[in-house]
Amino acid sequence: MRDNPVLRVVTKITLPLIFLFALYVQFHGDFGPGGGFQAGVIFAAGFILYGLVFGTEALRAAVPAAVLRLGIALGLMLYAGVGVVTLGLGGEYLAYGTLAHTAAHGQHLGIFLVELGVGVTVAAVMVAVFLAFAGRADP
Amino acid sequence: MSAAGLYNYWIVILLMMAGFYVVISSGNLVKKIVGLNLFQASVFILYISMGKVAGGSAPILREGVTQFSNPLPHVLILTAIVVGVATTALGLALVVRIREAYGTAEEDEIHQQDESL
Amino acid sequence: MLIEAINIVLLGMLAVTALAAIRLHDLFAVVMLFGIYSLLAAVVFVVLDAVDVAFTEAAVGVGISTVLMLATIGLAGRHEKRPAHRPLLPLLVVVVTGAALVYGTLDMPHFGDPNAPVHQHVVPRYLQRSADEIGIPNVVTNILASYRGYDTLGELTVIFTAGVGVLALLGLRRRRRERPGPGQSPP
Amino acid sequence: MIAAQLPALQVVVPLLGAPLCLLARKGNTAWALTLAISAVALLVATLLLGQVLAQGSVAYAFGGWAAPWGIEYRLDAVNAIVLLIVTGISTVVLLFAKTSVAHEIRPEQQVLFYTSWLLCLTGLLGITITGDAFNLFVFLEISSLSSYVLISLGSDRRALTAAYQYLIMGTIGATFILIGIGLLYMVTGTLNMADLAGRLPELTASRTVRTAFAFLTVGIGLKLALFPLHLWLPNAYAYAPSVVTAFLAATATKVAIYMLLRFMFSVFGAGFSFGAMPLPTLLVLLGAAAVLSASTVAIFQHNIKRMLAYSSVAQIGYMVLGMSLASSAGLTAAVLHLFNHALMKGGLFLALGCIAWRLGSVRLGDLAGLGYRMPWTMAAFVAGGLSLIGLPLTAGFISKWYLVLAALEQGWWPVVIVVVAGSLLAVVYIWRVIETAYFRDRGEPAPPVQEAPLSMLLPTWLLVGANVYFGIYTDLSVGVAGQAARVLLGTAP
């Protein structure tokens, strides 16, 4: 698969589209179906495609282990951190209304941030799981 | 009268039990995990079925629609699907390690190796 | 009525897929059947108005889970050993469990009934007031991220746990040869 | 202001600690962070118990959304005491963990190990404190997945199969619980436990509710290792790392007992669970079978960890027996034994952890003469064992005494006989260890074995000492347990 030039070129063209679609799903959950989880999965699918076509070593080089760990931790910290911020602002845990001047604004901002957190951790975990399984396959 | 309204649920129960049967009857570690997934996916259908309102539509608010299906089971099942895939990933990782340590993914062969110690 | 008919047909197809998965011993085929099962389930979800769930089931069931299962049978072998005899105890357990569930359906509200208790108590507020209280048209997102946002934090923690677990079990680097034999803890 | 937010902090602090811990570079850093977070959680649990004892019950609405629309945390005497047990045991075992984990877990896995520990703590606390049935399922899965990881890190390859077996059984249990919660939601339209409790009484005749009851009982029974659903437990405890066994044995099954109590008494109500359903008969039979069969099997084990694991199945039987009486005295005994058993099994498994650290083995035969070479460790084991048997002046005596009194109150003589028989069987299996350690020669010249270091002995003796303390001063434990029993029966807020 790795020596097929057509596949490599097509992948290089497709990848930006996949990431764009992931971003669309990430930020469009307000109106249609979608949200952080689905976006994270699509994002990870892009990386996994890259790994399948260019080899898992190339993917390991592109996303080092330390970055993956950071991503896995950061998304969850963002979500849980939003709750801590609302505590600090005098509301209950995850009471987004306190985040902005009006409750509705605060809700929008809060949902935006937690969905982002979901997307980051899900994408990082999926890529890590793929690499972990792939690492066992190579003799 | 009663049969018509419950018929759906009975098929879903059949699906759930098919998955459950695979989990507890199969001796292959991978197939057990597949069974768990079948079992859980069928439970998801049970939840979503109870949220359906005849004549309702997807719970996205828009002009001209007044009758919606129940969104709460959808939310619960979104969470449950994610929990399910997390379990699957962990279970399969365990299977890979067991296969490396024992050279097999069959329950009875693993059991024999541990017995012979 | 049409929806119900479509639903019954889909559920029938699901049943056939599940029963085939029980009978087959080639794990590759079993996993493929599972992929088909997830796809059919996603269609059922669309028919039942759960578009978000359908999207996720397609991404997870057909995508992630199936790929992981294929990867695993690539590493662990694709053939299931045939059991020496048909296990009777599992069959008994399943029949009893199924019978209990069918017994439980007898007092259930009927499929699609708009007056069922599930549609009465908690949910009307989400449908009627979330537009004012939160202001996002997709009610599922409102409940998921705000009303029950704490559940979703838990859900993300589950994913995090799975990530940590897979890293602990398999590691990110290429495999090193390790402890092939049995034995007690090292000295 | 902080006081009002304590219920959220109880779970959120360890939850946020987990990703922080993942970023640690060294095992020791991760350990220090985990210990600090666990200590904070213990402090929070103590303050919460104070709040509960002062004002009866405490509620917390996440996101500011009132229940039943939002998710609610709700505390009373029953879960406040369980929170204290979980955080207390976690902290003491973590004190012990540094040396033991450095020995048993590979360096590159230590950070992941402590991260999983925090996740497991988060899950157990989340199950205990929540007032929402579906939220309980989510946190149940956090604690389950992380405990599969913790168990699989044991150094024997059988740890992998034990973790896998537990994963399958645990997921079946969780799915049954999910079905039960779904059926309840179907007929009531709510997921909030207090709200469910208000709506279920008029539905007692519903066959759907009865099925939900059955599925919740079986599902929780699987997590609880209730006889005969206990088959995953002995291997999981025997092959997990020493500290994991101590932690899980003292907390996970306790939280499962709590779940059973919460659903049977608070959600369904004693009138339904013990009137309309045949639960008392069933529980008394299963409890008695657990005590007698598991204690007997324990006698024939050569691996002491496994022996104590079977003993745990038996101890769960005592708690179930207390529950089956469905009286104030019976529930007091059940909650009391839940508390005391956490102390004894925690102490015993830590003593075994010392032995595993020095000997690299916990097989009975290898312990010959150990009583003279590791005197403090073996003395701790003996003291913990006496509490397990139920000798006077130990915590184990107190809970068994209350259980016997509760059974006599209702004239249930067979239960008394089962308790006495179970205690005699415990004498036999604990005596086998004592005999080997003190009265048997190794035959060959013994390899030089030193006593365990103070960092391990102190936490061990802390738990063993607590067994003696709560065997003499019973005001606190019996008082809270009695209060919990009244809450469960609905005679106190």
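Read from first to last, the chains carry the letters A, B, C and D; within each, the first residue is number 1.
Criterion: a residue touches a chain if its C-beta (ideal position, glycine included) is under 8 Å from a C-beta of that chain, and two chains touch if they have at least 3 such contacts.
Because the structure is predicted, anything quoted here is derived from the model rather than measured.
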Farthest-lying chain, centroid of Cα atoms versus that of chain A: D
Pair with more cross-chain C-beta pairs in contact, given C-D and B-D: C-D
Averaged-CA centre spacing for the pair chain D and chain B, given as whole angstrom: 28
Length of the line joining the C-alpha centres of chain A and chain C, rounded to whole Å: 21
Cα-centroid distance, chain A relative to chain D, in whole angstrom: 36
Numbers and ranges of chain A residues touching at least 2 other chains: 31-33, 37, 69, 72-73, 76, 80, 83, 93-94, 96, 129, 132-133, 136
Junction residues of chain C - those touching two or more other chains: 51-52, 56, 60, 64, 68, 71-72, 75, 101, 105-106, 108-109, 116, 118-119, 122-123, 126, 137-138, 140, 144, 146, 148-155, 157-162, 164-167, 169-171, 175, 179, 182
Multi-chain contact sites of chain D, meaning residues that touch two or more partners: 15, 18-19, 22, 62-63, 134, 138, 141, 145, 148-149, 152, 157-158, 179, 185-186
Pairwise touch network: line, ring, star, complete, or other: complete
Interface residues, chain B side, partner chain A - complex: 58, 60, 78, 82, 89, 92-93, 96, 100
Residues of chain C that touch chain B when the two form their complex: 3-4, 7-8, 11-12, 14-15, 18-19, 21-22, 27, 30-31, 34, 37-38, 41, 44-45, 48-53, 56-57, 60-61, 64-65, 68-69, 71-73, 75-77, 80-81, 83, 87, 90-91, 93-95, 97-98, 101-102, 105-106, 108-114, 116, 118-119, 122-123, 126-127, 130-131, 137-140, 143-144, 148, 151-152, 154-155, 158-159, 161-162, 165-166, 169-170, 175, 179-180, 182
Residues on chain D engaged by chain C in the complex (per definition of touch): 15, 18-19, 22, 62-63, 65, 68-71, 104, 108-109, 112-113, 115-116, 119, 122, 126, 134-135, 138-139, 141-142, 145-146, 148-149, 152-158, 179, 183, 185-191, 195, 199, 206-212, 214-215, 356, 360-361, 363
Of chain D, residues touching chain A in the complex: 1, 5, 8, 12, 15-16, 18-20, 22-23, 60-64
Chain A to chain C touching residues, read off their complex: 29-35, 37-38, 41-42, 45, 48, 60, 65, 68-69, 72-73, 75-76, 79-80, 83, 93-94, 96, 103-104, 107-108, 110-111, 114-115, 117-118, 121-122, 124-126, 128-138
